[in-house]
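Consider the two complexes below, in which chain A is the common component and chain B and chain C are the respective partners.
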Partner chain A sequence: MAHLGPGKAASSKEQAGLRYPSNGKTIYHRPLNRTKTAELSQSSFAYLFSEMVSYAQRRVTGIQELEKRLNLQGHPIGLKLLDLLLTREPPRSQTRPLTIIALLHFIKINLWTHLFGRQADRLEKSSNPDTPDEYMIVDNEPLVNAYISVPREMSQLNCAAFVAGIIEGVCDGAMFPARVTAHSVGGKEEGEMWPGKTVFLVKFQPEVLEREALIGKG
Partner chain B sequence: MSYYFAIIGTQDNPLFEYDFGTSKQGGDGQPRFSEQARHLNQFVLHSSLDIVEEVQWTNGQLNLKVIDKFFTNYISCFMTGGNVKFLLLHQPTATAGGANTTRNSTSVGANPTSPQTEEAIKNFFTEVYDNYVKAIMSPFYKVNMEVRSPVFRQRVAAAGRKYL
Partner chain C sequence: MFVTVFALIIINKAGGLIYNRTFHEGGLNKISTNDYLVLAGTFHGVHAITARLNPLHPPTNRTSTTSSTAAAAAGAGGAPGTHLTRPDPPSGLEVLETENFRMQCVTTLTGIKFLLFTDTTQANVDLAIRRVYDMYSDYVMKNPFYQLEMPVRCDMFDRKLASYIREINNR
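Now for the complex of A and B:
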């Protein structure tokens, strides 16, 4: 493959053993900014995603493990999107998220708009006093689940675990280590407004809250 | 002025380093570090990481500007969203005699804390950041991997020539 992999060069100055694409264009020659209308076909994404799910499903013993694998597939995407979306911000509002709220807003607005063309539906903080480290991002109908029907015996499964992985990548990258899981909360009754409603539960590590308290004081 | 630029990963691991000299005011773009200073530079940059960690939570800007000084070495820092640090050590050339200091006081080469220098360094960082984001966009790039692409190195060198 004529791909310019960063790890392929034998030494940093030597160009031997390194192959350029035939047109001489590398990833560095491509622009970072896309026009707003550059959208991808949803059907091709759905096809790719169904393959990703069945790939993750191989040799797994349980639903938890399957969700873990989907999560891992999304994680690097989140890490990269964090920097990409920051560079696309206008220079004045180009700031790193320093607080949990700023980070979650970045996810709800920038990340969601980039991935799904709209904002996430709601942002909530856990009302349970025992878990102040838990926040929830609510999506009424996740795009990734649009063509997925979960079999009855696997009703625990929510394939939006992939999106949860992306969120986790963004949080980890911004130095807010967290565990993110996807849960279906839509009711099963007839006439339910949002049967596919999904909650992304973001559980931050204790050190994040500790730091948050320190920053608040200073 | 001589410059030493390094990209430091999230685990304080070096990902990329490059040293160069000023190309402004007839500079030839060659660094003027002594053999000893070359080794020292790495330590100086590494020690300023402690200060970066203090500053990064009080200032949400990407460009943290000059954060540290070690004798005549000034260290500027740029923090990416993914917590990767760009550090630039700049060392003004020792002026031989005080004769032309007034003329040089505003030039990028002579005064490391002037607004002009700050602006030049900001532009340099912004350009490197663009290229760094392109580097991490490669699906084969994982976080904290060394950046070895010769194209990236050329781009950093070009940014250095253009602004510093």
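Now for the complex of A and C:
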């Protein structure tokens, strides 16, 4: 409703000014990229992301701070993508996810397909009884890390912290406040199948679990 | 087993060694890291000399296929209508062959040299070296932690290169 500026008393007349296409599809329903396969160049993304990492690296004191900055770069994208992807759903299923499982499935399937053209590889719940609030999304080879080799002295770093930020944005936007971090779990040995394997650890706030338990009872 | 690719050396545009890797022990003599640096620097110098030493490509005109008079006129006063194109810069040393090995050198537009040491019988070295250049541009140049002109230390590049060369050597 952007046309309803202040001082527009006769807004009912103006209503005709805002026209929707007859098929109900607005610019939000289709990607701006209208090519047949809707593909983008991976190289240009790689260079852009490489610059984003370099930018985040300026004047940071440690790896944790660097990951935090990458996370912050992703967060707004997640918030917006949640709305966008839900808008594009058929009207019947246009509700935001209401349970943790539904939310994680939404991330694993819809979000991943939208961003990377495929689903995430696995979804797991922490088997440790002390941390029932932790869930894991596994990606065997994250697209953002396709060309990145982390130097040995920064081995703790995983640049997929950016994707973790996107996930965090989606969780926050869906009212499931969480902390999401990215961890490399791929082995460094020679014959390793997935050397870049990454786990996104989703740690929900206690109130989310509390609510989840109440819903479960009802 | 047919061993064909022995080693790869990458030299930056200033003549510094930024990458060297041996894929097969025994094909070439082992030399120390210091000698590798000297080798890279020496090769860089020799390459620069050979780039100047080619009588086959006079750098002034390469378009004189139709008539030498047009080219002469262009040289004198820049006659209108003469199609002048910038000649390819001379490439310098490209292949060095001995009875034991063959060395192919590719210089990129940015001045980086890729040297691939292979068996004398190895075919399609052009293709292999091109592929190595592709990998370099992917896994080194797109890595935010790589600093230009510095030695290449990228796990991903090492891994992809090793698997590609292994594929060639086991063929």
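Brief remarks on what is shown
FYI, the second predicted complex is superposed on the first by the 182 of 218 C-alpha atoms of A that agree within 3 Å, B and C clash if a C-alpha of one lies under 4 Å from a C-alpha of the other, contacts with A are read in each partner's own complex, and residues count from 1 in each chain.
Convention: a contact is a pair of C-beta atoms (placed from the backbone, for glycine too) under 8 Å apart; a residue touches a chain by one contact, two chains touch by 3 or more.
These numbers come from a predicted model, not from an experiment.
By the touch criterion defined above, A:65 lies against neither chain B nor chain C after alignment on the C-alpha atoms of chain A. When the two complexes are overlaid on their common chain A, residue A:211 makes contact with chain B while staying clear of chain C. Judged by the touch definition given at the top, the superposed model places A:47 against chain C, while chain B stays out of reach.
For chain A, the partner with contacts to more residues, out of chain B and chain C, is B. Contacts of A:83 after superposition on the shared chain: chain B is touched, whereas chain C is not. Applying the stated contact rule after C-alpha superposition, one finds that A:124 touches neither chain B nor chain C. Overlaid on A, the two complexes show chain B and chain C touching no common residue of chain A.
Chain contact summary for the complex, chain A toward chain C: residues 43, 46-47, 49-51, 53-54, 57, 147-152, 154, 159, 188, 195.
Within the complex formed with chain A, the chain B residues making contact are 10, 56-58, 60-62, 79-83, 129-138, 140-143, 145-153, 155. Interface residues of chain C facing chain A in the complex, by the touch rule stated above, are 138-139, 142-145, 153-157, 159.
Remark: chain A residues 3-9, 12-13, 15, 18, 26-28, 30, 32, 76, 79-80, 82-87, 94-98, 102, 173-175, 211, 215, 218 touch chain B in the complex.
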